[in-house]
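So, here's a batch of structures to check.
Presented sequentially are two complexes of subunit A, the first with subunit B as partner and the second with subunit C.
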Partner chain A sequence: MSEQENATIRIHVMGKTYRVPAGLTIMDAMEYSGYRFIRGAGCRSGFCGACSTIYRREEDYRLQFALACQEMAEDGMYLVQLPFTPAPRSQYDLEKVDPTENVLLQYYPEIARCVACNTCTKACPQDIEVMDYVQAALRGDITRTATLSFDCIQCGLCTMRCPADIKHYHMAQMARRIYGRYLSPVPEHLEERLREIEEGVCDSELDKLVAMNEEELVIAYAARIREEE
Partner chain B sequence: MSKVSKQELIRGYPQYMRKSIERVEATRAKRLESGPPSPMTAEERDDILNRYHPDYKPEKKRKLALGISAGEIVPNEMADMLEAHPLFDPADVDLAHIDYDVSLLVIGGGGAGTAAAIFAHQEGIAAEDILVVTKLRHGDSNSIMAQGGIQAADRPEDSPAIHYLDVIGGGHYANKPELVRALVLDAPKIIRWHEDIGVMYDKQDRKYLEAHGGGTSRMRMHSAKDYTGKAIFSAVRDEFRNLGIPVLEFFPAIELLLDEKGNAAGAIIYNMETNEYKIIRAKATVLSTGGFGRVHIQNFPTTNHYGATADGLVIAYRAGANIIDMDSVQYHPTGVAYPTAILGQLATEKLRNQGAVPVTKDGEAFVFPLEPRDVEAAAIIRECWEMNNGLETPSGVRGVWLDTPMIEEIQGKGTIKQRLSAMWMMWHRHGIDITEDPVLVYPTLHYQNGGVEIDEHGATSVPGLFAAGECDGGVHGKNRLMGNSQLDIYVFGRRVGMSAARWAKKSRPKKLSLQHVVDYEKQLKKAGIETDRVSPILLPDYRAETVISSSLGRFI
Partner chain C sequence: MDRLTYFPGCSLKDEAKEFEISAMAVMEALELPLVEFERWNCCGTVFSLTEDDLMHQLASIRNFIRAQEAGSEEIVTSCAMCYNTLKRSSLFVNHAEERLEKINAFMDEEVAYEGKVEVRHLLEIIRDRIGWEKVEEAMIHPLEGLSVAPYYGCMLLRPKQVGIDDPDNPTIMRDLIDALWATPVEYAFQAECCGSYQVVDHRELIVERTYRILSSARRAGADVVITSCPLCQYNLRETQSELKEKIPTYDEMPVVYFTQLMAIALDVDSGELPGPLLARLPIEEGVGKGEG
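Moving on to the complex of A and B:
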């Protein structure tokens, strides 16, 4: 184990070679080397899509795509950071869109140019079936587009790689919002609670609690009964 | 070399950790049958907090030497940032040249700031008369990282009053009652707003899938798989973009501006790439700058995003905004302890509300899995360092197991990939399958419980300055419950958007001043603080020691 801890690897950052400890993510390895990010670092937990990175291994002609905060640095990696590049998106009014099968094609007509090359899917660091959701969108299947794209963190790698200029992540965001707004029902008990709040039904009980001193609150808190799962 | 270390791992873990996993597996059936340990009594909670929670170590904090809240106790790291010089000499800045003149300035582009801009617009401020500035990209924030959920008392078995009691008890009765009232009463409205803008909440049979969180007495945790924060924020931001409200990215605010009467009047923002500053004049200013996770209080690793350095709190304090509950820090009970590459990243509480239980290296359960966060964290610290029941990783970190395979035993096969796909992916990237094996966890710095004190409208003690989200103070008392930060963001983001818009409408453009910064410098001197520290710090520095010690010049 101590051997593993003391091991170092070489990374090539935009042409310069650095020696860093093994066991770091690409982001940590670059910082260890002396880089201080302004761009290309965000949540550092795989949720924001700020740290798209392209790399190539020695002796391998293929480009690889990943999130720098999630992928481990490996010996001999050639690294390039890709500051996030916003793609054009369509403005729309969710209250006025027609939530039927042609809506995605209407706002993002370029999805019709998909050549099914699957480059988007291969570039996705979230392992999303990107091409499949584009095809679903083309068929007018909003629900499938929304659910397949759910884990999208909008890093934009798909869009940067697409030979057909499709703005996958914007289109999928619109699909998820249309699904959420029009195709998924609002539970009735939410409406009922909102009505109670509107009518002031909840106020008196709350006012009583707001007026309590700490001693009274301690007693009330201890008397709670936890609902069983 | 990396290949050698890979071979030593068996499905992600070294041999000796595998041995411990075998002991966890051996007790699993029995634990599933008997259920988890019972919740602690109030006395047991107090005792474990006093003895093991990092917040209860007085030597790690000190009284602030200056400013409006002088005498308040804050973590040393926070005091260091407040007892520091500004980044620039006010005399070097030309306040006569105004670059942006707007009704409403929003500082911080996470959930609270974005919601504030949307609701200010709804309240009648034109899109082009609002300006959102943000240090990193629009949305690079803790708001998008929330995994487990958002609380709202909407089920018939539940009520805003029960929610209130859970919040204020969890916060050790230090919360401001009017803020908790606003939080719980607005919660169902916020869920409704999210529905209106198309957030995809988890539902089944025309009902929300609602679960417990630590310290809740009703199941009211709404979720969007374990991407709750991302799912909500990406819809909110998309709505914001449809409205065409302008945003300046990579432009942190480095000082607030006041007018000659001491009202908030805008800010100075700073381009970290070109070193230029810009002057923004505004009739109302919203602070939505998040917390201090990246300051690594007590050297803890953190779940927070790269920019969480409490800049907003620092500049608001210099401008005269008082702070509250800043002595209180939230350590999330379950941060990643292994693998080291993702040390301190979040293992969502949702893992526990779906059935995973913390267990020792020998597979013994030792705590009710859904205590309030401070209590749960203290119990894990005790187990690791007092009872010696934690497992040490190859890099010397101790942790306990969170027995994730229990989730599928309780909820059925496939639950993890369906409801916890972010968690599955995070460990999968390191060769660990959480449906088969437990994960090693230890508390991690998660949340700033206190902040700039606000009233129920989001107003601070500086007229015209409003605050919402993690940088606000008074909502959560001394300990926030799971699912209430997502709620805070949108409840108070909405409220400050409306309050700030109303304030802006009755205000006139102001004469700009940095006198408060000049005065703060005088106070530093008077307090006898001799230091070369400057703040806000804007970004943490993770370069290797060898690089820092041999570098020339300074990066801001």
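Moving on to the complex of A and C:
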């Protein structure tokens, strides 16, 4: 085997085998093979959650889950890019929801069907304890649901895999919104500063700045007081 | 101090907070505190009757694994529904090698469940490990003059293999009532089903059953009914408003958790108590809130 062949790997896409350079992500490897993504690709940096993918390795019956832009292609991988699969999302007005224990069950009643199989957690490319936050939601612990799901990028793999048809990522997003709106501790300094601004404490200084010409601004900028580092 | 590996269950964090508040306070007073274990999940209610359906055992078993991780071979719960589901699951998989093997292979993200965790109901612990005499000794306000009807429902007693007492003639709650110097009330429907989940689709059925159960207890002289199940409690408590609408003379029957009654007697936090019960208590106001 020549050195050049050593630097390539085989991947299988929709029943066809391709040879691609080693060291590519799943997404790059598929594009190298000639596939073009219009959907199912986004930021290419592991943040947007658009490129959720499933794959299998040779000799392993289990499906594996990942973000195609993050997981490296390996020799012998069976690849398929998932189409966009939206899950139903409940409609609510955040200003009108009642932030008490039963609110998540009320908007996402299917969470009560959780059998604790943990398939969602196994599917999560962000290593979130997905099942644990569904369980927290089930007992009305909105804060824990919001905290545990904080790293979610809404790729939806949990929901695609769930045997109970739970809409984990939408439910958790609602929990984080309720947490942010009603439950998170209020930062006192921010409240105080907002009050100061509304009372016009900064207005006179701002008016001075607006009235300055360019030369005065340059001088003022050079003479500004800086916080010690 | 010894402590119990405690499984609260979802309802006790939500609809049935007073059950947890009172149970915690009572066990603290009896020097065998309930300590909630990490990362517990829903018990898996209701127990699946399908023999080869291992998927529906996962919820219970994952809890057993958590208890095992916490170094315990026992979990204690006060919710009768959780008790029933967890206990039946434990009987289904403990010492069943083939089932355990399959389940452990599926749950490859967890340490293997060894099949050793025993499930116990809080009433059993109070009867067998603490004893009625000690409850009596710890009592600060004897409930003399209060007539209490025990309501077992189904989950504590059936099926026989998981029952904490004789399914036809249970005495465990009566013994508790005796220990608190209250008067136990004998009536026909103490182990009759409350209608359970039928409340979702056939509420009228629950209203009918509530009437049958509570009016029987009333005729036998009860001032209050005690339960151990958040669903029984919900059904018996909430459908009384319909009874009041239908029957103008209907007199509300207070329904509380057995731990709330204990909390009153032991003078610890009982959680919220229904007004009609407070009015009937043979003790001064403020008692049962840990203020006495």
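The definition used in the following text is that the second predicted complex is superposed on the first by the 201 of 229 C-alpha atoms of A that agree within 3 Å, B and C clash if a C-alpha of one lies under 4 Å from a C-alpha of the other, contacts with A are read in each partner's own complex, and residues count from 1 in each chain.
Just so we're on the same page, contacts are C-beta pairs under 8 Å (C-beta built on N, C-alpha and C of every residue); 3 or more make two chains touch, one makes a residue touch a chain.
This one's a predicted model, so the numbers in the text were calculated from it and none came from an experiment.
In the superposition on chain A, A:187 makes contact with subunit B only, not with subunit C. Look at A:93: by the touch rule set out above, it reaches subunit B but stays clear of subunit C. Contacts of A:37 after superposition: subunit B is touched, whereas subunit C is not reached. When the shared chain is aligned, no partner comes close enough to touch A:85: not subunit B, not subunit C. Annotation for subunit A, partner touching more residues between subunit B and subunit C: B. In the superposition on chain A, none of the residues of subunit A is touched both by subunit B in one structure and by subunit C in the other. Within the complex formed with subunit A, the subunit B residues making contact are 1-2, 4-5, 8, 14, 39, 42, 136-137, 139-142, 144-145, 153-157, 159-162, 164-166, 168-169, 173, 177-178, 181, 184-185, 188-189, 191-192, 195-201, 203, 206-208, 211-212, 216-219, 224-225, 227, 229-231, 234-235, 238-239, 241-242, 244, 250, 272-273, 303, 305-306, 339-342, 345-346, 394-395, 421-422, 425-426, 429-430, 539, 541-544, 547, 551, 555. Taken together, the subunit C residues at the contact with subunit A in this complex read 10, 13-14, 39-42, 44, 55-56, 58-59, 62, 106-107, 109. Subunit A contributes residues 1, 3-5, 7-9, 22-25, 28, 31-39, 41-48, 50, 70-72, 74-75, 84, 89, 91-94, 126-127, 146, 150-151, 153-154, 173-174, 176-182, 184-190, 192-194, 197, 202, 205-206, 208-210, 214, 217-218, 220-222, 224-227, 229 to its touches with subunit B in the complex. Of all residues in subunit A, only 101-102, 114-118, 121-122, 131-132, 135, 138-141, 163 touch subunit C in the complex they form.
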